[in-house]
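Look for chain A in each of the two complexes below; its partner is chain B in the first and chain C in the second.
Coming up: the complex of A and B.
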């Protein structure tokens, strides 16, 4: 294979190949997510969802995408043009980076064990890969604030404030509940975390309080119902993205689903053993399936719960989630010693 | 010049230009945007030096949290925009700061030129996160405990400050 040898010769080429592979996986994931969001949500509400375009409405997404691209690309008069234009592009980029450290590349490379050696074609296997993920999640509120401000309208600015306040508040329990898993696995490398789970019970059972705390915190971080009060499409217009239209709105929409895919994938990695599963089904399929099932759970929660108010959201974050996650983090070493004693933790 | 050096100079130039942008831009949110770029470039430099751990911590704390606090601060406190940024920058105390920083940079450059090895990572300093943790919690445990005490005090203090007084309905 001349092509493989050519690719192996350069680190940059290999990195580009891996990035392209992960982008394809993530985009397919995002498309499936949007379809589930519409169809499954509609079924819960006794509606049909999209039915007209394509069989079972599967092509509706493409029709919508074409519609958005064909719309006029406008900029509000009061907008700060460079920042306003940069925010959607950066939003997609910052949502995509966390997906690069989630070990999708390992599962793709393991489909071709003879061609791609995991040592050369897997880039997600490095020491603080969890920190990279957290760092890029931590940059999201900045984009939200800048986007809200740069649109030049007071409503988007207020929406940006609400959004950033929510993200900042829930980042703390998010990180603290992740640290509980770090204590159990003694590593910051996501691949090693999955390796630890291969000879122990899945962490959703061992570390159940952390799973619950993480689930609530990630729903708030992704701005999904019941924490979608920053968008609140029935009450406000659309929060900080009100003034974005056409292609820019499409980019922000894609970014939100890429972020949701990353959130579901990290949940699958940390608590459901990532790609682990019975062997005839390839690891990629297991990983993808787990991620999609977790996203379906997000949609189910969206369909079942009412939106919380701002004060309820802040109370829940600061008065309950933060103290509980600190408490569970303090208790985790004791739990770990019990698990090690009983041989359920590898 | 190899790829690492080219990357280093590109990052360094971008960091310097955006640092100039922070002080030169009239709009306060623009200045904050430049600050994000400058701080992210510092994170990139840490990564280039082989400490991804420090790089990501820099990005998480300075790129994410500190910038949001600054943005919240400046957006909520609307102030008059200065008429001329240059006139404001050339006030005597600012010129003194500028002179002092130039002096500092020149001193460092001189030391590097005469003695050398100022910017090399000393041998035996760990780079991966587990080793950093072991050093922090064995060699520097006093400092870590002192900092933890400081953070805990600040946390309790902030709760006390925002606590609603009895009978205060606002």
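Coming up: the complex of A and C.
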């Protein structure tokens, strides 16, 4: 009790505690994701995946991390040194901040009894939290472009250019399909969106077209396989991260999975009711489980579909996703007033 | 309360950034740098690199970039409408969206949205 009072006395201490908590939740999530990515994908392709280190290859990730940290730090001669060095650290930061506005800290705080006033340790409950999330998601491709340009190699540069094209094509459908959910809830606060869903069906049923549009747009935004043109292994070696080695590669790898975790969590929040679920299981477990299941869906998509070409990617973005998301956004208010009239939206 | 959230976002950003920079520095404590010309050359699948990688953007990106900026502004204008659609006048937003569709339709018929 003395410790709690001490922590509550200072804003910085509370922030540090929440930052550490969110980091731990997100890192565990990212580790589970990488394991699923390797093992589940391998099983779909009739391979075994990692088997040697630890039981069922579970410790392979830690072995890889130790190996990466023990590698020599180098900077290519053609690289633009400050930008080249800053991009991995910035990438981790830009992937970590969206996790702050997703209400993981609320689910962690709800594990503690009310008399400790856990509400003081929640920082994700503010009005434009969805906008902050979108802002940090939108900054990611800029880092890809910067990193690709700064590495000074042709493969990385092509990866960066493709990322720029992808960014400007899929940002609009992403925002508009999110706005369709905003029309239903009339708030930009993610916690209030989950509160609306506690009185109604999950939005994956009420707002199914927006779910499909958002799924495609978030796959492009996370650069996952049908849209992983920036890292296309078969054409561009490793795309924009070709020139990054050792710890820098490890950081970029971690950042991409943190970002995927945030993307899956936002999908769970908006369309599957976030932490809502039958009671004996704590909200944190529900939220985590939904996020991991959605990520497994991403891996399944990766295993099932081939990569699109650049022109196909732009066609899909501009000629299908943009008009469809505009049309659905204009139709959503009619659907919403029907739902409100029947009391489905609470 | 909003100030606290803003401080929190900056704080979290700085926290993650500093940890990232520290992690980048760790290998320098463990391993000595042994640079060789081959190691530091740009990777081109084993060939000797030809020319530099500081080239210009393809001009074709321009039309997509302009379209992106206009549509992004429309999307931003739609955010306040989406939070209070049952209290405000729809017509301006409707007009913006319909004009957006017309612009996409016009340019895709004209063939400017084809990748060449």
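The rule is short, and it goes like this: the second predicted complex is superposed on the first by the 342 of 346 C-alpha atoms of A that agree within 3 Å, B and C clash if a C-alpha of one lies under 4 Å from a C-alpha of the other, contacts with A are read in each partner's own complex, and residues count from 1 in each chain.
We take it that a contact is a pair of C-beta atoms (placed from the backbone, for glycine too) under 8 Å apart; a residue touches a chain by one contact, two chains touch by 3 or more.
Keep in mind the model is a prediction, meaning the values are calculated, not measured.
Judged by the touch definition given at the top, the superposed model places A:161 against both chain B and chain C.
Using the contact criterion defined above for the overlaid structures, shared-chain residue A:67 touches neither chain B nor chain C, since it reaches no partner. Of the two partner chains placed by superposition, only chain B is touched by A:83; chain C is not. Using the contact criterion defined above for the overlaid structures, shared-chain residue A:310 touches chain C, although it does not reach chain B. Looking at the shared chain after the overlay, A:145 reaches chain B, while chain C stays out of its contact range. After overlaying the two complexes on the shared chain, residue contacts for A:47 are found with neither chain B nor chain C.
Here chain B and chain C are compared by how many residues of chain A each touches, and C touches more. When the two complexes are laid over each other on chain A, chain A has residues 126-127, 131-132, 157, 161, 164, 168, 186-188 in contact with both chain B and chain C. On the chain B side of its complex with chain A, the touching residues are 27, 29-30, 33, 36, 52-53, 56-57, 59-60, 63-65, 67-68, 71-72, 75, 128-130.
Here chain C touches chain A in the complex through residues 1-2, 4-5, 7-9, 11-17, 19-21, 23-24, 26-28, 30-35, 39-45, 49, 52-55, 57-58, 61, 64-65, 67-68, 71-72, 75, 78-79, 82-86, 90, 94, 97, 100-101, 104-105, 108, 113-115, going by the rule given at the top. For chain A in complex with chain C, the touching residues are 11-12, 15-16, 18-19, 22-23, 69-78, 85, 88-93, 96-97, 100-101, 123, 126-127, 131-132, 151-157, 161, 164-165, 168-169, 171-172, 175-176, 179-180, 182-183, 186-188, 237, 242-243, 246-248, 250-251, 310-311, 314-315, 318-319, 322-323, 326-327, 329-330, 333, 336-337. Interface residues of chain A, counted against chain B in their complex, comprise 80, 83, 126-128, 131-132, 134-136, 138-139, 141-142, 145-146, 149-150, 157, 161, 164, 168, 186-188.
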